[in-house]
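I am attaching a structure below and will ask some questions about it afterwards.
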Amino acid sequence: MKRKSLGASLRYVPYVFVLPFLISFAVFYVYPIAASVVMSFQNVVPGRTAFIGLDNYRRIVDQDFFDALRVSFTYTAVTILILIPGPLVLAAMLNVGRRRTNTVFRALYFLPSLVSVVVAGTIFRLIFATSARGMANTILSWLKIPAVDWIMGGSLTAMSLMVAVAVWRWTGVNVVYFMSGLQSIPEELYEAAEIDGAGPLRKFFALTVPLLKPTVIFVTTISVFGGFAMFEESYIFWRGLSPNNVGLTLVGLLFKRGFQQGELGLGSAVGIVLIAVVFAVSMAQLKLFGFFKQEEKE
Amino acid sequence: MKKILALMVALSAISVAALSAQAKTILTLWTFNELHAQYYQESAAAWNKANPSRQINLKAEVFPYDDMHNKLLIALQSGSGAPDIADVEISKFPNYLKGDIQLVPLDDLLNPIRKQFVQARLDIYGKDGKTYGMCFHVGAAVMYYNMDIMKAAGVDVEKIDTWDDYVKAGLQVKAKTGKPMATIETTDQWSYWPLISQQKSDYTDKNGNVTIDNEINVKTLQFLNDMIYKQKIAVPAPGGFHHAEEYYGFMNDGGAGSIWMPMWYMGRFTDYMADLKGKIAIRPMPRWTKGGNRSAGMGGTGTVVTKQSKAIDLAKQFTVYAKGSKEGNIAIWKLLGFDPIRWDVWSDPAMNEPNKFTQFFQNKNIFQTLLQVKDEIVPVNVNERMVRVIDQIRQKTFVQVLQENSKGAAQALKEAAVEAKK
Amino acid sequence: MRRKVSAGLADAIKYALLAALVVFFLLPIFSLLMASFKSGKELMRYGISFKGMIPPRFDPKNFVYLVTGKDGIYLSWFRNSVIVLAAQTVLSLGLSSFVGYGLGVYRFKGRNAITVMVLLVMMVPLQILLLPLYAMIVNFKLMNTYQGVILPFMVSPFAIFFFRQFASGIPKDYLDAGRIEGLGEFNIFLFICAPLMAPAFGAMAILMAQQSWNNFLWPLIVMTTGEMFTLPIGLASLLTPYGNNYDMLIAGSCAASVPIIIVFVFFQRYFISGMNAGGIKG
């Protein structure tokens, strides 16, 4: 008797769980996304909005576009390479040992993400000032390296700047993610491994890393989204007009075309292209991780 | 008891009615600068005194710069949510002149008093013969000399008339003090635009065609490049532009002998370069030829009235009052330190009363200097292509030619022109 | 014996490393804190360098200005941010965990499709949705309201994704145990699994709070009067191309960090509980 009703209810139950999302999606997302797609095929001006076919898409493909693609891809790749292994190791280190000290460290690493972007920008601009007196260059001089013109110095320094701000801001956040993932790994497994004679490194690579897979997938995916959607870290330094486009990202291009130039149709076209790119990259990444296989649970 | 109560109710009803008869019309105003908002509030108070039967309750909102413009664009495009009045910065202005223009022309109120304004500053906010915005200032480009450095080098700034004179002085400054005569912006346009405007050239022509790569413009860019790399009397501005936090520290420490910027830059000196108090003199800029223009009208914030306003006439009148009346213009100087657009107030003694600016700069009468150049200002052409050109030169051209010295002026400007035409 | 010594050494190295990192993270914040005790004009005059870092006098006047200046508008911004934060965090945690759990635990038709939809929503940059979303807000009469800011993002795809990941790691045994006890699926969620997901709730509470606190673009579109601004917008309005109000900006930014730090400290404890407390017994 109980079995039957359980089987029947089990079928509709998942749909009830996902209902809030479906409703919210239908009400708040379907229309705007559809409208943006439509706008990407229009010339949007007050009173005289008109369809112009693929013109917007044709017009956005220029030097700026390729610069933006290059910057976005590079930035995403570099930040993922730093912001996944780094915080992972940190989280592992903070998961064992003196509790109180660890808590303090965790809080301190998290602090940067709380500072408003506007102010972080002012501070970073001043720290990375060109003059030898600026803090970054002072530190370089201790290492006997000559002063660098960070802001105007070209694509290498520009990328370093944006990555530096990103690492500063988001390390603590990723540590939080990984820590919560780590907390779900039962102590008993570690104890069993120790009994088997495994040292800290072995435990880390054979136990921690594989069991953190869902969390790693999560962090990687949102890092891909975040990387391509990056806007603030660049705006901080160049307010949208970076020398030779060293700081131009896809979203930056969207802003430029859509708002600075006042052509909302063009901006929408850039946005649609951006979505397509991100979709392709993240689907590839997720497939690579085996995300879509219905995993068996141990 | 009941009678007294009834009387009280009646009295309060009458007074409420009376008060609402005097009710102020609410006008919403969007701006991106707190100082502007303060100014508008003072204007509203003055207006209310002068117009007791048509009082205004002004609600001025201050948004972040870029974002206010974006919000306004969206509101005007979607047809709702726009304020009655808004400040629009000149480099964004063309965006609001597309399609069916959602702004209200101000000409009917301006025409009677048109002659009192520096014409150039009205034309820049116009399209097809209609004027849509009122400016805060002339933005006259002038030269700020650090007189300590000038004295140390033995340079008499009164004798500097042409750019050739200026370069010679620069060489002298370099020889005697080792300091650069000037800093040149590489991510902004205030070192370049006034120079081409002096020669009656521009980024675009009257019809909106791109002219950034014409001969005068190329020659001028080369001139700046020479200053940095050939004569070595100038350096790229630290931080890239003259509003960089880094620049203030540099200049404050006596980093350069002079800087040419519009009049509205005075406030930066008083606010961020306090050590230069009493050391800076404001002079007309050098000119290219004897008898040539010494100045240009740079920057600007046009105040506009939107079609979505429910009180268009009142909003128009207030806007023209705030920006175009004599009292308003004097207040613009006193409060904001801007050079107001009505030249007939420049000789008013009120303009020379002591304020933080007169106390900072060496000039005995700042507006005397300004009156000298008032007729030497040519309007710039404001249109969509201008926006594209500015984009290109700020992002690529200046960097390549002035910062990196990696491309020739002619080549870089030609490329900018090609991109701007797309 | 040897083990203890090498363990002690390893510990020392570990904490030395962690401490060195702290310097990197805290240096800008420390500069910020020091700068808030100077006047903004001083900061611009001399910039940020090691020499001038510690102000000769700790002048709290900037902080006083926060409360008294400009008709207390900073306090309004603060209040608005707190209200939005509380509402968004609570709503989002509840709804998103609900959805994420469903996606993570059950195998059903459309599971992958809906997951992709969730991801898709995350991929769309808000910037291209500005115009249509604005039109919607106007139509629903939600302009310049808290609801306008909170409602469209009530269900956070990002939190859904996170809870999904977390929930997919819950061993089936727990669910079966619950079913054997006769609990309905929703009760299993509430009484068995939610406690197990405590670390996830803790993490998401902190991160939703951080996102909400720093959220800029959407509140900017919805709010049209200065008193309804949230802190990021208000602080940004202090920087203009023609003159900046560094005093309020820097002190204001320091003060703005405080509530979130409190949230962080409070929710940190949930990291410690979780699976370790439960454990699989028998």
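By written order: A, B and C. Residues from 1 in each chain.
In this section, contacts are C-beta pairs under 8 Å (C-beta built on N, C-alpha and C of every residue); 3 or more make two chains touch, one makes a residue touch a chain.
No experiment lies behind these values; they were computed from the predicted model shown.
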Centroid comparison with chain A (C-alpha atoms), farthest chain: B
Comparison of A-B and A-C by number of C-beta pairs in contact, larger one: A-C
CA centroid of chain A to CA centroid of chain B, Å: 39
Whole-Å gap between the CA centroids of chain A and chain C: 15
Sequence positions of chain A contacting 2 or more other chains: 44, 122, 126, 129, 131, 133-134, 264
Touching two or more other chains - residue numbers and ranges from chain C: 43, 47, 131, 135, 236, 238-239
For chain B, residues contacting two or more additional chains: 70, 77, 245-246, 249
Residue numbers on chain C that touch chain B, as the complex places them: 41, 43-47, 70, 130-131, 134-135, 138, 143, 220-221, 224-226, 233, 236-243, 245
Contacting residues of chain A [partner chain B, same complex]: 44-49, 59, 62-63, 122, 125-126, 129-131, 133-134, 151-152, 154, 238-245, 256, 259-262, 264
Residue numbers on chain A that touch chain C, as the complex places them: 2, 6, 9-11, 13-22, 24-25, 28-29, 31-33, 35-36, 39, 44, 90, 93-94, 97, 99, 101, 103, 105-120, 122-124, 126-127, 129, 131, 133-135, 138, 168, 171-173, 176-177, 179-181, 183-188, 200, 214-215, 217-218, 221-222, 225, 229, 231, 251, 254-255, 258, 264, 267-268, 270-272, 274-275, 278-279, 282, 286, 292, 294-295, 297-298
List of chain B residues in touch with chain A within their complex: 66, 69-70, 73, 76-77, 79, 92, 94-96, 98-102, 186-187, 236, 238-240, 244-246, 249-250, 384, 387-388, 391, 394-396, 398-400, 403-404, 419, 422
Residue ranges of chain C touching chain A (in the complex, touch as defined): 10-11, 14-15, 18, 21-22, 24-29, 31-32, 35, 43, 47-51, 95, 98-99, 101-103, 106-108, 111-112, 114, 117-125, 127-129, 131-133, 135-136, 151-155, 157-158, 160-162, 165-166, 168-169, 171-172, 179, 182, 184-186, 189, 199-200, 202-203, 206-207, 210, 213-214, 216, 231-232, 235-236, 238-239, 246, 249-250, 253, 256-257, 260-261, 264-265, 268, 271-276, 279-280
